[in-house]
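To start, I am sharing the structure in question, which I have written as C-alpha cells.
Chain IDs A, B, C and D follow the sequence of writing; residue 1 opens each chain.
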Amino acid sequence: MSKYQHIKEEAYAANMQLPKLNLVVFTFGNVSAADRDLGVFAIKPSGVPYEDLSPEKMVIVDFDGNIVEGTLRPSSDTKTHAVLYKQCPEIGGVCHTHSTYATAWAQSHRDIPIYGTTHADHNTVDIPCAPPMSDEMIKGDYEYQTGYQILNCLSERNLSYKDIEMILIGNHAPFTWGKNADKAVYNSAVLEAIAQMAIITEQINPQVARLKDSLIQKHFERKHGPNSYYGQ
Amino acid sequence: MSKYQHIKEEAYAANMQLPKLNLVVFTFGNVSAADRDLGVFAIKPSGVPYEDLSPEKMVIVDFDGNIVEGTLRPSSDTKTHAVLYKQCPEIGGVCHTHSTYATAWAQSHRDIPIYGTTHADHNTVDIPCAPPMSDEMIKGDYEYQTGYQILNCLSERNLSYKDIEMILIGNHAPFTWGKNADKAVYNSAVLEAIAQMAIITEQINPQVARLKDSLIQKHFERKHGPNSYYGQ
Amino acid sequence: MSKYQHIKEEAYAANMQLPKLNLVVFTFGNVSAADRDLGVFAIKPSGVPYEDLSPEKMVIVDFDGNIVEGTLRPSSDTKTHAVLYKQCPEIGGVCHTHSTYATAWAQSHRDIPIYGTTHADHNTVDIPCAPPMSDEMIKGDYEYQTGYQILNCLSERNLSYKDIEMILIGNHAPFTWGKNADKAVYNSAVLEAIAQMAIITEQINPQVARLKDSLIQKHFERKHGPNSYYGQ
Amino acid sequence: MSKYQHIKEEAYAANMQLPKLNLVVFTFGNVSAADRDLGVFAIKPSGVPYEDLSPEKMVIVDFDGNIVEGTLRPSSDTKTHAVLYKQCPEIGGVCHTHSTYATAWAQSHRDIPIYGTTHADHNTVDIPCAPPMSDEMIKGDYEYQTGYQILNCLSERNLSYKDIEMILIGNHAPFTWGKNADKAVYNSAVLEAIAQMAIITEQINPQVARLKDSLIQKHFERKHGPNSYYGQ
C-alpha cells in the first residue's frame, strides 16, 4: 500500500462531497489533502467525472507542483494548490469549485459584503474578490500565478490566510482552504450559502447596510474566540 | 431509560426534519422539545452534524438554561430557547434555522409583507423583523438577550406569541415556535416558503400591495377561527 | 369494493405526484378526479400529509359539493372543484397548488405574458390572473365563489375552459384542470415552469416583448391543432 | 438485433440524462445519436415520458428526415436534428431542451455575454441568440427551417459549428451538439449553468463587463488548444 494512502482517501472523500453538496457539475472542481510531514498533497485527477473516482486515482504532488506518485494527470489547477500549501504552512486542504452564486460574485468583481451572522460565524470581513490577473500573469505560468493572486489580495487587505479561509478570483471562481480537506469543502459550501443570501438580501433591500461591528465580533468569537462556546 | 426519553426522541425527530426540508446545511439550526410538567426541554447538542445525531445525544435543559442531563454541550442558542419557554407558557417546541430566504429578509431589516393567502393561512400580520440588538445587549448575555429581543418586538407590535409563531431577528435569522417541536419545524418551513414567494412577488410587481383585510381574515379563520373547517 | 375505487386510485396517484414534482410542501394542494357518468369526484381529504394518504382516504363528493362516500372531511377547496366540474362538462380532473412562482405571479396581480414556445405549446394567450374577489364574495360562500371567480374571469376574456386549462386567482394561487387528474397535475407543473421562466425573462430583458402571433399559432397547432404532429 | 442497436442505446442513455440533470420536465427535450457511416441517427420518440423510454423505442431517421426504422413517431424536432447532421459533418449528437435559464435568455432575445472562465472553458464568444424566424419560415417547414436558422445565425457571426456547440433560438429554447450524444447533453448542462450564472452576475453588478481577451484565450486553450493540459 502507498505511504500516501491516508491522504488519497481523505482527498477522495472530500472530492465526493462536492456533487453531494451541489457545488459542482461534471468535473468542475477539485479538492486536495496535504500531509505536511511528507511535504505532499493528494489531488483529484484532471477531467475525471466524480462517479469514476477512487482513492487510487488521486495524484500525489509536492509543494512545488511536481508529481510524486500516480499515473493520471493531476487537476489543471494543481499549481494553485501547491502555491497555497507552500506559502501557508498551516493549511491541510484546498478546495476549488465553480459553485453558482460564489462564481457569479467573482464574475461581478465585487467583494461579498458581510450582511449577517451566518457570514460573521465564519469571517469578520467582506469576502475579498481578487482582481483578474494582469495579461502578463495570464500568459505566464497561469495556475501558479493564480496562487500568488490570492496571496497578494490577502496581503493588500492586511489579511492572513488564517483570518479568512475563502476568496473569489475575479472573473473566475472561489478557492477555499482549511486545516484539512473536509474543512476546505465545508468552507466552499458556507461561501456558496453566504453568496446566495447576500444577493437576495440586496434584492430585498437595495439600501441594506453591512453588519455592525459588535455583532461581527460577537458571532465570530462565540465560534472562534478564546472563550468560544460553540461545538463540542 | 431516562425519564426524558420522550422529548429526546421528539427533539431528535424534529431536528432530523431540518436537512430533509432543505432548511439547514451542516450544523446551522436547532430544534428543542419541551415537557411542561417536568419543566425541561431537549435540545440538539452544539455543532454536531445531523447525520451523527441520535436521541441519546440530545441535551436536557431547564427553563433557566441549566443543563439537567446529557454529556454534550447544548446548542449555543440554548438560552434563547429557555427564555421563550419560560415566558411563553403554551409553547412546546422552538426551532432556529438560517434558511436562505428568511435569513435574507432578516439581513435586509424588513418585515415580510403579507402578500397572499399562503401567508394568511398562518398569520394575519406582516412577519416582524426585530431590530438588531443594542451593543450593550450584544456584549451582555447575548443568547439570553436574543430571547428578550423577540419578546420585546412582539410586545411593541401588540402581538402575542400565540398570534404569530415566527419572527426574524435583524441581521441574524428566523426563530419559530409552536405547540410542539414538529409544529415549530413546520413553521420554519412555512416561513421559508412565504419569504421566497414575497421577494419574487416584489420582483414581478414592485408596486404590489398588501393583501386586503377581508381575505386575511377569511383565510386565517378557515384554518384557525372558531368555525374553522380545515383539517380533520 | 367501492364503485368509486377507480377515481379514488386516480385521485390518490395524482395527489402523490404533487410532492414529487416539487409543487407542494406539507398539505398545500389538492387534486380531484371525476367520473362523469356517476356524477361525482374523488378528492384529497383536508390537511392530511401526502405520506399518510391512500386511495381509501379519498373523499367522494357530488358536483354540488355534497359528500357521497368517505369518513374524512374533504379538502377545504372542495366547492371550487365542484363548481368547475358542474360548469365545465368536459373536465375530468382539477388541481390546486401554492407552487412558488405561479403563486408569486398571483400575489402580483399580473397575467403571465406569453414569452416563448414553452408557453405556446400549451396556450395561445397570457395566463389570466383573476382579480381578488369582492368583500361580499369573500364573506359569502368563499370556496364556491372562487369557482365562479375563475369562470367569470375566463368569460370576461372571451376564453373557454377548453382554450386554457390554467388560471391564477389574485392574491391566492393557481388552479388547473384537464381531461383527467393526471392532465390537471401536468398543467400545474407546466404553469410553474412557465411562471419561473417568465420572471427570469423579464429580469434578463425588462423591455422584452410578447411572442409574435405566427409563432404562437405554429407551436400551439403542432401540438393541438387538427394537423398536430406531436406525440403518438 | 437491429444494426442500429448501438446508436439506439447511445440515444437512450443520453435522453435519460436529461431528467437526471434537471434539464427537462415531462417530455420537453430530445437527444439524438448519429452513425455517420450508416448515414442515420437515433432519436427520442415524440411525447413519450422519459420513464417509459427504452433503447427499442428510439426511432432511426436519415439525414433528410426520413424514418428508416421504428414504429413510433420521432420527436417533432427531428427535422432540425437532420439539418444539423447533414450540414455539419463532424457532429455525432444533438440535444434540445427547454431548460429554465437558457430558455429565459432565448425568450429575452439576448446573447449570453461571456462573463467568466466557466464560459471561456467552453467557448470564446458570447452564446448567440438567433432571432425568431420570419413568418414565412414559420409557416413553411418549421422544424427544417429551425435548423437553417441556427446555421444562418452562426454564419452571420462568422462562427463555425466547431467554434461553438450551443445556441439559443429566440423565443424558443437552446440547441446543443457535439461529437456524440453524451457531449451534446453535456453542452446543454453547461449552457444552463452559464445562463444561470450570467443573469445572477448582472443582478449583482449591472455594470459588469465582458471577460477580457487574455483570459478568454487562456481558459479556452488550456482545455481545447493544441497545448491543452486539461483531462487525461
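Observations on the structure shown:
Keep this in mind: a residue touches a chain if its C-beta (ideal position, glycine included) is under 8 Å from a C-beta of that chain, and two chains touch if they have at least 3 such contacts.
Since the model is a prediction, treat every value here as computed from it, not as a measurement.
When every chain is reduced to the mean of its CA atoms, the largest separation from chain C belongs to A.
Simply put, chain B must spin 90° to overlay its Cα atoms on chain C, rounded in steps of 5. In terms of their C-alpha centroids, the spacing between chain C and chain D amounts to 32 Å. Centre-to-centre separation of chain B and chain D, using mean CA positions: 46 Å. Residue positions of chain A touching 2 or more other chains, listed in rising order: 203.
Viewed as a contact network, the protein chains form a single closed ring in which every chain touches exactly two others. Listing the residues of chain A that touch chain B in their complex gives 21, 115-118, 186, 189-190, 193, 196-198, 200-201, 203-205, 208, 211-212, 214-215, 218, 222-223, 229-232. Those residues of chain C whose C-beta lies close enough to touch chain B in the complex are 25-26, 28, 45-48, 72-73, 76, 98, 100-101, 103-110, 132-133, 135, 138-139, 142, 171-173, 199, 202-203.
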